[in-house]
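Order of writing sets the labels: A, B, C, D, E and F. Residues in every chain begin at 1.
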Amino acid sequence: MSRKIAIGKIALLLASLAEEELDYFRPTLKELSFCQGKVGSMNMQKVISAVETAAKRNGIIHESLYRETHALYHAILEAIKGVTRDQPAIGEMSRTVGLRFSVVRGAPYANEAEGEWISVAFYGTIGAPVKGLEHETIGLGINHI
Amino acid sequence: MSRKIAIGKIALLLASLAEEELDYFRPTLKELSFCQGKVGSMNMQKVISAVETAAKRNGIIHESLYRETHALYHAILEAIKGVTRDQPAIGEMSRTVGLRFSVVRGAPYANEAEGEWISVAFYGTIGAPVKGLEHETIGLGINHI
Amino acid sequence: MSRKIAIGKIALLLASLAEEELDYFRPTLKELSFCQGKVGSMNMQKVISAVETAAKRNGIIHESLYRETHALYHAILEAIKGVTRDQPAIGEMSRTVGLRFSVVRGAPYANEAEGEWISVAFYGTIGAPVKGLEHETIGLGINHI
Amino acid sequence: MSRKIAIGKIALLLASLAEEELDYFRPTLKELSFCQGKVGSMNMQKVISAVETAAKRNGIIHESLYRETHALYHAILEAIKGVTRDQPAIGEMSRTVGLRFSVVRGAPYANEAEGEWISVAFYGTIGAPVKGLEHETIGLGINHI
Amino acid sequence: MSRKIAIGKIALLLASLAEEELDYFRPTLKELSFCQGKVGSMNMQKVISAVETAAKRNGIIHESLYRETHALYHAILEAIKGVTRDQPAIGEMSRTVGLRFSVVRGAPYANEAEGEWISVAFYGTIGAPVKGLEHETIGLGINHI
Amino acid sequence: MSRKIAIGKIALLLASLAEEELDYFRPTLKELSFCQGKVGSMNMQKVISAVETAAKRNGIIHESLYRETHALYHAILEAIKGVTRDQPAIGEMSRTVGLRFSVVRGAPYANEAEGEWISVAFYGTIGAPVKGLEHETIGLGINHI
């Protein structure tokens, strides 16, 4: 069961690379369904909401199907754990985040029966709620859908 | 305090891109001290050890200085949390990892007084201890050194 | 030291079964002190409060004794961990819960010196703050009192 | 989207009730695919393995499909968090568990498009590795499959 | 309900002060039941065991009563969380600890009905399994008994 | 690399001892840079803020240098984990804290190249938001700076 497309790596590049840096990877992007977005907040609910709204608006997941919402939610949660590297809290812990994110949906496995999977990636900064007192952060979550 | 070099993004690209995909980023790499490695295990201690040994052998950190070991250890730990997205355990939870990693040391901030920082990135797979039953995973940790 | 009464199982049945489904278990209930309640919220403090208030109003714990409040609080906290299956947060993580709960107090061990223990159980749903986008969840906490 | 069958409650009853106590619920069981088992250990890997093996042997999940293994693994992990009510470790924390478990697969939602879901339940004891120094514990995990 | 004796502070001083530094606090110690010990390990089970054995041998808790074992276990676990400041693992995370510990039992509240409580304190070092690559660490757990 | 000054123990004594109890330790305090403060809250952000403000106002850390803010923040976070002994939340979990704290900066190692380290200690009470329903709590965090 060799992997066909690394949807996690693609999600991460979509979240972290500049437009011109992505050129090399354009051919792979054509085989996938994806969206990109930005969110800056001290409120985790807003971060989660931003990704969910983007995924629904761009048709990456089916808005009214709970099984798709459930798959996406857990992928977001896992990506957030990479971002916070501790309990998934920001404002409560006096931190703020400025993140670019992406959601990628596709069939990563050669075996067709493995079906579709979804990946969520974040790249940006986390730090004190003071401009400049921050460092980079990354997170990736993957789930079957 | 604008960021000069995104050592987190660079660490991540070093861990996740193929040699030819890295070409675009070679100029930035020249300003940094870094190393790369691989580790596959169900034992977290081996994963930690592989990164520490590579960082010391390649002179990224000063072998006998505890403050450097301490900075690296916490960066590794934070990167591992992105990889496991739950308590940092693998074998105990019946999981195995196959990871490429990188350690990057440099001055990411324009203000010279901010000094050196270290970043650790992992990219690879996590899954059941059966070939193919696995998906991608990523982790990044950053610390002042 | 054989167990006399499974106060955890009883608490769980009280929280999850319908009135008529409980009939089989009525004889055991007579040996125990218990209360039942309901709470729906995105705010964990309200969930904790609902259980504490019910336990005090129904005389399950002694209102002004800290050692009883302390025993109950930790049993609630452990039950909540089963409900959230991650850090014990709901609204902050964009989740809502609709729960039935029970608190049971009794002597579960044959050896009288083991004294009284308390158990807290939750059963209901957890999910997105949208009707229907939710699945079942359960939690149980037990403590000596 | 009203729920059709509470696969979580059913899983829990299968894990916690005695044969005769289950009689009332037999009609519902006929609509579901499920298995039951037992495991006692200080080793979490053995607990996970026992559930995975039972689910595969009884055809609850498709042995060679990673998406089914992945769905089951995360349901097990969530159920374990209810059991340990802290980091999911047993032997390392000087604890032992004696558990009955069940795996239930079915369509819990009235909307057919929601498809199949899986639930894993544990019921038993957790405590010191000394006979009798233990109390009840419960866990439930649910996932789309 | 004013506190009569700060059993947590006393436990911590017993674990961290040298014999001569403790002189000032001797009068308070006479009102309490306590024991002291040492443990160095990469194995958390040994740390837990060392405290449990010391508490039983010195008659701080009643060896065969589960409710006392349960109260002590949870106090140890909470103290360990202060020591590790992350998931309670040492060897698995490539760390070792060298700890002095104490267990104190007494009535900390003016209201007699609050009865006895137990506190466990650790003080020592945590670090890489290499002499000197370590820093101080402290932990305190308190429970009703 | 023998330790020269136990900055963790000193921080803890500064947070937990009364003025007259500290007399014995005055000579050591002269070699260190430190500050003390108090904070009572159900809001973790206020606890973090109180320590950061005190450390900056007293010149323990350099206000505008991110690497010093970063070192302090992680030391605070680790100390908080000892205080809460669970996920670092207070009000959300229906708890309140009343804490004395201290921040100590100094060179704890004999080897001069190990440079300066910072330690943060908390001592006080944690409990229900009702006067008296609380017990002692302690936390310590240490980082290189």
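Basically, a contact is a pair of C-beta atoms (placed from the backbone, for glycine too) under 8 Å apart; a residue touches a chain by one contact, two chains touch by 3 or more.
Source: prediction; values computed, not measured.
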Would you mind checking which chain's C-alpha centre is most distant from the centre of chain B? C
Farthest-lying chain, centroid of Cα atoms versus that of chain E: A
What is the distance in Å between the mean C-alpha positions of chain B and chain C? 43
Whole-Å distance, chain A centre to chain D centre, using C-alpha means? 30
Could you state the distance in Å from the CA-based centre of chain A to that of chain C? 36
Sequence positions of chain D contacting 2 or more other chains: 1, 66, 70, 86-87, 89, 92, 117, 132, 135
Among all the chains shown, which pairs meet the touch rule set out at the top? A-B, A-C, A-D, A-F, B-D, B-E, B-F, C-D, C-E, C-F, D-E, E-F
Which positions of chain F touch chain C when the two form their complex? 86-87, 89, 91-94, 127-128, 132-135
Which bits of chain C are touching chain D when the two form their complex? 1-2, 6-9, 12, 16, 21, 24-25, 78, 81-82, 85-86, 108, 117, 119, 121, 123, 131-132, 135-142
Residues of chain B that touch chain E when the two form their complex: 44-45, 48-49, 52, 66, 69-70, 73, 77, 87-89, 92
Okay, in this complex, where on chain D does chain A touch? 1, 65-67, 70-71, 74, 109, 113-115, 117, 143-144
